[in-house]
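You will see two complexes here that share chain A, one where it goes with chain B and one where it goes with chain C.
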Partner chain A sequence: MEEKIRVLVAKPGLDGHDRGAKVLARALMEAGMEVIYSGIRRTPEQIAEVAVQEDVDVVMLSCLSGAHNTLFPRVVDLLRQKGGGDILVLGGGIIPEDDMPFLKEHGIQEVFYPGAPIKATIQYVRDNVHKEKHS
Partner chain B sequence: MDVQSDIRTGDTRAIARAITWIENADARGAALVHDIYRQTGRAYIVGITGSPGSGKSTLIARMAALLAAGGAKVGILAVDPSSPFSGGALLGDRIRMFDISLTHDVYMRSMGTRGSLGGLNRSTRMATRILDAAGFDWILIETVGAGQSEVDVHDVAYTTVVVLAPGMGDDIQAMKAGIMEIGDAFVINKADREGADRTLNQVESILHLSAAEGWNPPVLKVSAEQNAGVDELVAVIARHRVHLEEDGELDRIKVRMARLDVVEILKERLTDTMNTELERAATQAELEKVATRETDPYTVADMIVDKIWRGR
Partner chain C sequence: MDEKERLAQIRSAGAAWQEKADKVSVGKTCKAYADCATVSGIDVKLLYTPEDVGEMDYMRDLGFPGEYPFTRGYQPTMYRGRLWTMRQYAGFATVEESNRRYKYLLGQGQTGLSIAFDLPTQLGLDADHPLADGEVGKVGVSVSSLADMEVLFDGIPLDQVSTSMTINAPAAVLLAMYIAVARRNGIGADKLNGTIQNDILKEYSARGTYIFPPTPSMRIINDIFAYCSKEVPNWNTISISGYHMREAGCTAVQEVAFTLADGIAYVDAAIKAGLNVDDFAQRLSFFFNAHNNLLEEVAKFRAARRMWARIMKERFQAQNPKSLMLRFHTQTAGSTLTSQQVDNNVVRVTLQALAAVLGGTQSLHTNSRDEALSLPTEESVRIALRTQQILGYESGVADTVDPLAGSYYVESLTNRIEKEAWKYIQKIDDLGGAVKAVENGYVQREIQNSAYAYQMSVESGERVVVGANKFQLLGKPLKNVTRIDSSLSSQRRAELEALKARRDNARVEHVLAGVKAAAGGTENLMPAIIGAVDAYATLGEICGVLRSVYGEYRPDASF
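Take a look at the complex of A and B:
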């Protein structure tokens, strides 16, 4: 068996800045993962559906517009509805520290600070991907 | 989740998981294909190939939307090369297909080549069978056409569409070198741009040289971005299908594909057996003898082959 970690790097909401998301996508690829990048301005419905169709292990949400408190939990809810509740959902972008507890209560397993080292993100994914998914 | 019965009802998550098993060479994937294979053979499989950036993904999204609007179920497999260094991959086709993510009766999956030469691998073949069993009427397969790799889309699709764009002179050279033979239709995409007519003329003059009786591949100007000419392309594919069916050619293609399905599985089985033999302590000792030149690699290889045959 040759399992590969599959990741969807997705940008919900209206901001059009995706340099950070693209850098992250490339770094995950270089770490040996299969990475699907969504492009900008996607809806939570699209993101959840794509995550299920692509059978990803991880969804990395990146949002700079400030709407993370509505968009991120919505993605989690939709994933659960579509039977993708076992997918690891992580957040990044510009998230104020005060919002992190709220997001974690709503199914975002970890939130990365702006400028958090990508290495740490990669390690987090490796350590926390739901390996039992495939068994 | 009972993947096998859920696939028959077209359940998205079951289909997605089954393809993951196939990609991971998980034994459950093989068992599944074994069980569902008899329900396959109904889908019509189209390959779309061409250089990176020629607009294949954009075009496929348009084709899928059009076919789905006509009541068909459409499955898409988009293959991108994996990095030979990290084994990872940036699967970029979804970006152009995001808008059809929620289109009813359309399923799309991005796949990395995971080291297999040629771009289309065992996984793609078997994933096609999964989609077929799940009741998709059309399966559209996107592959990059770098070097020789586009040649094998022809091994998995009944109709092959080669996509070109203006200003890609290398593609014209590649056509002369043989890609031409695999195209059942040629698309000059980005017809909204300057130079499309010139490319069209070049392609037509190359094709003209080999014009013969039977099917002569049409050359179509399309703008995937502006959604112009996509209906003509779909009509051409439908005509090609009728041509193959009336000719009995489709049945011959299906025998060729059956052979390739068997070959893929055989390769896997033989590789497994070979690797098991290579790991044996007795073989290790022989390898050391090859290293010290007490024997040669042919002798050892023949010994292993003999042993595998007799070991049945």
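Take a look at the complex of A and C:
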């Protein structure tokens, strides 16, 4: 049997808007993935630590406060330092399109805009998750 | 013909009409009308008649505006006396920029200020704290000390404007700064008008900017109530907020129920702390969301007003009529804005604002069309304010009080929302009140379940979101977005360093020890906090002292 995809849905920074993160976490779980939700107000260090410890395949970062350019790349850097460089990192929240190239250059593989269909997001995870583990 | 015969006649004519309607409507344009429901899951019939409000007693259930139970409005003349306060939530980056924006908005005809603070400020952290990295000035203005507050309100006559501050866990500190700025300008605290949000319960259940655990948080709130009732009598000491729970996904019925349940908890706590209900209840204010379903929202506001009057009169035996009045601010629903075809949001906001006005709001913030993408541009903010002005000055809806009263549907829906909301309040009472219901996660779970159900209905296409899941356009979203300069962090660090070098640090240590003593004892905290801000102790230092006494709240994460 195929191993379940393990996902960490995480809220870096001080932003408390977690409606989207929670809805997404539940939808991923109902789609058959194993999901950990970090809760709000986590530091990039805490998120990277949990991701590596829990051996997740995907980290999905949500931020609606505008701090994404500072926080998302830091999570990627810390993952690399802690041996989680192969973890797929995705982002969502209130993120202007102009910021997307910057985030992609810094290791966030895809950024989802507000209102992006969950179905498409789940499909993206399935299609792009760390291939050697789940092929 | 008496009332009974009249209703019987309507009933039999109605049955005949129903038969005809069944034949023509089903399966055609009005798809499955038997299954139509509001967002709250209240079934909506094809037609409402006097039969649906047959039980209603005008004097008992509606009354006259400004009179119990205030269903028709809290004030006798409503908008004929004065339009609602047009109050746009604003503030970003530096105190200088925000000060300019407030003066601009006041110059454009806005009638009250509404201060947005950034997240470090809302969490009682100075701008130079490591956790503030990336967040300084992002969702509001960064305020770390009285020195910042002095610049923020520079040139604004604090005895002539009313100022609403969206601040919760550290509300006591920001209010203290406001009082201190006014004093330095020769304005006494008794001349100040405004509101602090100060509603910690909805921070635990929905908004997330809590610091301390519930018990000390409720104590701080009681201290503010007690202090203001004597020293700042025109200040709204709390804005009990359903807005954020609705944004987090709850329904209209849940919004009313959870907000009023929180209100009950605050009144309970204050009475237990020895306050007299009529000494503080008239300074309680409320804050609701205006969502998409126009008539359900109007009914929601009317139901909330009636329920609160009944709660204060019957449950708390308040005597002063002012203690029974639910006065509220409204903001249009941010979560309904789409990032696609942003101009459509102007129309959504117009309808939501209309609901708030038809529901009798006291003040209103209209969202800007581009807020699903970033902070709004100045042009977008102006359109949002103009929307209110068009409603107020051109549409005619402000000409008569509570114009939808007597609509069979609106009255029936008002009754239904009240009935369903009482069930939730009963449930929360059974759990031991709102504080307990939040601590054990009941409210959070209810909100999450509604949010998930709503999202699934959008995903399936059952709920249409124009431009997002239907009537889409291919193309790029709006490019012109407002962004905050990221060099702000270092500027703020330098400012704090300079402040700490020039202030009297021995005095700061002394006043902080005073805050610590008050926090650990039973004395009212406000005088000590005012003394501390006056000595330029920073927000982070004061909240740090409170953290050391009270600890921090750390809930389990669930979804």
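Basically, the second predicted complex is superposed on the first by the 130 of 135 C-alpha atoms of A that agree within 3 Å, B and C clash if a C-alpha of one lies under 4 Å from a C-alpha of the other, contacts with A are read in each partner's own complex, and residues count from 1 in each chain.
The working rule: contacts are C-beta pairs under 8 Å (C-beta built on N, C-alpha and C of every residue); 3 or more make two chains touch, one makes a residue touch a chain.
This one's a predicted model, so the numbers in the text were calculated from it and none came from an experiment.
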Which superposed partner A:Glu54 touches (first chain B, second chain C, both, neither): first
First, second, both or neither for A:Tyr37, with chain B first and chain C second: both
A:Gly83 touches, of chain B and chain C: first, second, both or neither? first
Partner chain in contact with A:Glu3 - chain B first, chain C second, else both or neither: first
Touching partner for A:Val23 - first (chain B), second (chain C), both, neither: second
Intersection of chain A interface sets (partners chain B, chain C): 25-26, 35, 37-39
For the chain C and chain A complex, residues of the former touching the latter: 119-120, 122-123, 125, 131-135, 138-139, 203, 207-209, 247-249, 335, 338-340, 372-375, 448, 451-452, 455, 459, 465, 468-469, 476-477, 479, 481, 483-484, 486, 555-559
Interfacial residue positions of chain A with respect to chain C in the complex: 9, 13-19, 21-23, 25-27, 35, 37-41, 43, 65-67, 69-71, 94, 96-98, 113-115, 117-119
Touching residues on chain B, where the partner in the complex is chain A: 1, 12-13, 16-17, 19-20, 23-26, 82-83, 85-92, 94-95, 98, 101-102, 107-110, 112, 114
Residue ranges of chain A in contact with chain B within the complex: 1-4, 6, 25-26, 28-39, 42, 45-46, 49-50, 52-55, 82-84, 134
